[in-house]
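Heads up, the next two complexes both have chain A, just with different partners, chain B and then chain C.
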Partner chain A sequence: MASSKLYSDEVSLAVVVVDTNPLFWATAALPFADFFAHLIHYVNSLLLLNHLNHVVVIAAGLSSCTYIFDSSDASASGAADVAATFAKASRKMDEFIAEDSRATSSNGSVADGNAASLLSGALSLALCYIQRVFRSGIRHPQPRILCLQGSPDGPEQYVAVMNSIFSAQRSMVPIDSCIVGTQDSAFLQQASYITGGVYLKPQELNGLFQYLAAVFATDLHSRTFLRLPKTLGVDFRASCFCHKKTIDMGYVCSVCLSIFCKYHKKCSTCGSEFNRVMPDLNSVPDQRQ
Partner chain B sequence: MPQVMVVARNFMDMVAALPAAKLDMLYDSAFICEAVLRSLPPLAKKYALQMLYVSAPVAAAAMEEWVLDEYAAKHRVAIDRLLQLRVFVEVRDRRKEVSYKMNQKFQGNMQKYLVDGGSLPREPIPSSVTARLPTLAELESFALEQWECFLLQLINSSQVERGTSFSSSMMRTFQRGLLSSRDGEAPRLTENGFQFLLMETNAQLWYIMREYISSAEERGVDPTELISFLLELSFHTLGEAYSLNTLTDVQRNAIRDLAELGLVKLQQGRKDSWFIPTKLATNLSASLSDSSSNKEGFVVVETNFRMYAYSTSRLHCEILRLFSRVEYQLPNLIVGSITKESLYGAFENGITAEQIISFLQQNAHPRVADKIPAVPENVTDQIRLWETDRNRVDMILSHLYEDFPSKDMFDQCCDYARDHGCLLWEDAKKMRLIVRVEFHSEMREFLRRLR
Partner chain C sequence: MYGVGGGGGGFNAPYTASARRRNHEDDEEEEEEEESGEGRVLEAWERAYADDRSWEALQEDESGLLRPIDTKTLVHAQYRRRLLLRSAASAAARIQKGLIRYLYIVIDLSRAASEMDYRPSRMAVVAKYAEVFIREFFDQNPLSHVGIVTMKDGISHRLTEIGGSPESQIKALMGKLECSGESSLQNALELVHGYLDQVPSYGHKEVLFLYSALNTCDPGDIMETIAKCKKSKIRCSVIGLAAEIFICKYLCEETGGSYTVALDESHFKELLLEHAPPPPAIAEYAAANLIKMGFPQRGAEDLISICSCHKKIKSGAEGYICPRCKVNVCELPTECRTCGLTLVSSPHLARSYHHLFPVQPFDEVSSVHPNRLGQKGGQKCYGCQQSFINPDSQSSLHVRCPKCNQHFCLDCDIYIHESLHNCPGCESQRSSS
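And now, the complex of A and B:
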């Protein structure tokens, strides 16, 4: 990216991925309505900081995801009807949640209980949006992604999520993550670690806005000066390609690096045949962790 | 675009220089709070946001913890700025420890902004009253025309344009510092004036606004009111009509002046009259923090020092004439060449090489703007070289010594002066030497001792 194409580095394009998983929000400590109010506060404050700042909100549901809010649409009609715009955004959010639950019940994929939001889809949407901004117009702001996730990871999305993370890394888009649920997310820990974003699990969810304002509203330029929260540990565990389970130890294809939890005669990804007899997994731990 | 930043900052310096009571009064308006916040350096913005919901004072030492140790200087700059603009207020407790608190009015206004979003300074007139409003394109061309007209008048103020309605008193305010007029002579552009012409539109606008505000007191107008009105004006919606009746007298007078510059367009209806902000006005506060003109450039410079400007504007032609020789003009094209003579003319007028180069770069035609560099390197280098040519001669005050009685004494003097680093020139054959003026007394002392 030619630096001349960037605005001065404090102008940011923030894509916020919001977890709307109904199964999570039904049991969450913070009601969704309050959470949404914090979110709107945060979006507003980003827009307040710089008139060139650009904010996009993407909702990630159980089986679909969509754009909820785009500040470039809003500002075209003038700053006057910000309230109206946000009313529209929240209406769109409600519609999306209804639509999503319909889609979920029709394909019945949530039967297995461990229901994860479609993080991979939302990340891809965000990256597509950023690529579109990159390619259009003369100058573009500094992009970053913020994931607000509550529901647990879906190991079945492992490959898709990792691919999104690597493509974010390639296009130098940091992925920030803010966990609003109870458990840490290995996906997002890795995402923030790899892309150089901030991973944070707030202790006090009632003060969510303060966390968002103090940490995640910081533009990339100022981040170099500031003491931001550091990740204590990153869960680097991978999911196997055959059963989509998170594993500590497993078999890795020597050709394409696909991960399996059991020994296979042939790699299901690249088709390489493993003709040498593999020793037992427990006796020789030379496999990747 | 460093110049722009300087000008914009200066404007906020003017705001910061207001007495505390007046500044607090300004913060009654949410728009001013917003404009001030946006003008802050990035780190200061972040601090302001972080403190937005903190009502108790935060110790200065605790704030220092926010930044990494090696960037403490940046932290101080940010905090100083916040204190200057009274966004943060210093509080000292009994143990004399400093802590900062956010200005309450500012805090309240910004909190409201976050909850409700921005609102309009005043309601636009419904379209049923205004018969037909100009389209955005018409409005923009109006603004550009007025602005160019103003600049053209700066360039040749002797030949007054037909059809312009600049009142001479107003013109004088706006031209303060840019034109110098001696009695009986046509006014001439000053050094500042020439540099002004090469600035970007937003920078020019802020320069003029600063002059306008700083001359307000002479006209018996409170500068605070003007500042607040100007900042407020930039939050009006582009192309909507606003009634003049909602303005105070001061504001109504100001809006007439601004209309002459093309910031607003005045229209007269059957019963009341209204003003329509143009792009120049709505960009005012935006350009405080970032000056991103998305204007298309028009200049192509070739390695053979020829310059092609795709423009029909007389203003562009006049500006190019400041530093190049315009050779011929076609309906949509101005062809000129950058020559040593033309540049010397520009340097005489106080324009610097950097200004010329940045003008050429900023206004590069889209076809060449993608290339790096947009202006050929040999041209930029040559422009800089020609500038340094003028600085070839250095003046140093010095003393000449001659008629030494002996070669030996001459050599001793030379060595003495050389040891002190003050020998500028020596001629051993004719036994003459030159030393710096500050060394003269010591040299005399030395000669006396030798004798």
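And now, the complex of A and C:
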């Protein structure tokens, strides 16, 4: 199996998760239209690399997520005209953004200008799609996920994003992340580190396509021969549930694994009552002797 | 019948190919899914002969014709039964699970384990699935500990110390696969009881017997030992490979465990893997407590130190630094060798959170009116975009999430509940609260 791989190009399935958060793009250095042009070039070049390559684009908005583009639909309908296909994708994107902003305004929960996109939903959709490709037979393309993220992380999505990351890790799907915003994303740093993907925050956003083509267009097999950006130290320290402080040492509830920075009498998450602090197993007998 | 065995020259190629796949089967779940996917494509005569109960895949229809069972709906029905059972068990207002478990797996290596009703032998099947189980166990319970005990020649022997690393356990087990003599439940219980008495009070103490024999050869009164285990709050479960035995049933009933007997290899695997998710916590079994834990960081690149676990020189970036005593450890989760602090990383904790926030079971929907569904735009699975309209079967059974009302196909249903633990529909909506 390994030997045959050496001689054939690997077929990849790239699921691209695009952050369409209007609050972010309103203030971004790179206008969304330019960004979308870079994205289309990238998708096109992936499809040109190998005619069996398969690209799916999922949009993650403020209030909803949806599939924008699926290259298998495009080829099935016999649309040879690339321009028409992408005009359709772009129209679908516009529709989605309009629909999403309508949903957001009717919902009314996003009052402050700092809401996160629904990364967890988009990742879950991507993973469901990838499972379908796995089911399609033994010679399925090699899947990977690329997240183009601009808006900051939403702490309320923590559990769902982590669940998606672990599921991706189990199915050996790397999650690549490209940060188009100003601040690093702790979620995606962990995602790329745990699943073995590439995490990159481009310096010069006007050359976004260069970064996409040079780093994220390579299939998984070629990556073993390339020197891709290395993931720098990922901070695996936890933040406590009570004050959201990042801590080195803390107390963990044995029932629900909630993290606290100091000793409490009762767990605020699961309601268990604690009788006393666990003495460290080794230190107490030592003192007595 | 000669051709069925794959004896003809022309059949050799598919036979060896599928046999090779079979070996790869348990490497990871991924490969296994591929295998089953491929298995459906292969015709009956192309399959390896190992599938020796082929008549069980047939059923009689009303006119007496033999038809293959629609395995997909059957598998899904089975899975739903399990799911509903599980969600009913944890229907209490606040779910509490025993997330920190100390488990001894007791493997029966008596003469009975060499019986060949399982292929190639009971022992080999037990070892094969014990490996799968240990990996799955650590995947689901990253903060738990496992040890292995074997029973043979009337005595029991601790193969591995209770620990948190799957690799060392599996390696030790694979090296020690010989069976002889009788097995003794009492000796094994006494041994395990001795070890489990030392674990911290917040840990859930469990023993899982993989029992091949139909008898137990004990030196004393086993009832006393069972009473002792009950007093120490050790939860004992047994999976039998032969037939139900009274003493095993009694043991499990007394200590709050579960007793099951496997019908065949796949059933055995299913029963074994049911022990991987954490059991509901029983208040008096383990005292709730706050455990002091450290969240170590990776060391600096230029720091060279000797790691405390292998006594090898490592650069700081390869290991983690204990926040209390600053000693270098190689992997997480572990216990600091110097100061005894439990060292974990936040993803290890996050791995267990899905047990506390499970996805609700979806409702089954059978689309009687495909046209009406089409109007609602629910013709496709919300997760994977697969169309529900299946050309070769009339039944387009699918499921709906009760919260977000999105429709999902059966495959996505299983994936969402077994691996993803997120509902894509609910996650793609902003909750108004």
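In the analysis below, the second predicted complex is superposed on the first by the 223 of 289 C-alpha atoms of A that agree within 3 Å, B and C clash if a C-alpha of one lies under 4 Å from a C-alpha of the other, contacts with A are read in each partner's own complex, and residues count from 1 in each chain.
Convention: a residue touches a chain if its C-beta (ideal position, glycine included) is under 8 Å from a C-beta of that chain, and two chains touch if they have at least 3 such contacts.
Because the structure is predicted, anything quoted here is derived from the model rather than measured.
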{"item": "Chain B versus chain C as contact partner of A:A98, first or second or both or neither", "value": "neither"}
{"item": "Which partner reaches more residues of chain A (counting touched residues only), chain B or chain C", "value": "C"}
{"item": "Which superposed partner A:A87 touches (first chain B, second chain C, both, neither)", "value": "neither"}
{"item": "Chain B versus chain C as contact partner of A:A29, first or second or both or neither", "value": "neither"}
{"item": "First (chain B), second (chain C), both or neither touched by A:S171", "value": "second"}
{"item": "Partner chain in contact with A:A214 - chain B first, chain C second, else both or neither", "value": "first"}
{"item": "First, second, both or neither for A:V159, with chain B first and chain C second", "value": "second"}
{"item": "Footprint overlap on chain A, comparing chain B with chain C", "value": "138"}
{"item": "Complex contact set, residues of chain C against chain A", "value": "28-30, 33-34, 37-38, 41, 94, 96-97, 99-100, 139, 143, 200, 202-203, 281, 286-298, 317, 323-324, 339-341, 344-347, 349-354, 356-357, 381-386, 411-412, 415-416, 419-424, 427-433"}
{"item": "Footprint of chain C on chain A - complex, ascending", "value": "62-67, 70, 103-104, 107-110, 115, 118, 120-122, 124-125, 127-129, 131-132, 134-138, 140, 157-160, 162-167, 170-172, 190, 194, 233, 235-239, 247-257, 259-260, 263-264, 267, 270-278, 280-283"}
{"item": "Parts of chain A lying in touch with chain B, wherever the complex brings them together", "value": "2, 4, 7-8, 10-11, 41, 44-45, 48-52, 78-80, 82-83, 85-86, 138-139, 209-210, 213-214, 217-219, 221-222, 224-227"}
{"item": "Sites on chain B touched by chain A in the complex", "value": "34, 37-38, 42-43, 45-46, 49-50, 52-53, 65-68, 71, 74-75, 110, 113-120, 235, 237-238, 240, 285-286, 289-290, 292, 294, 372"}
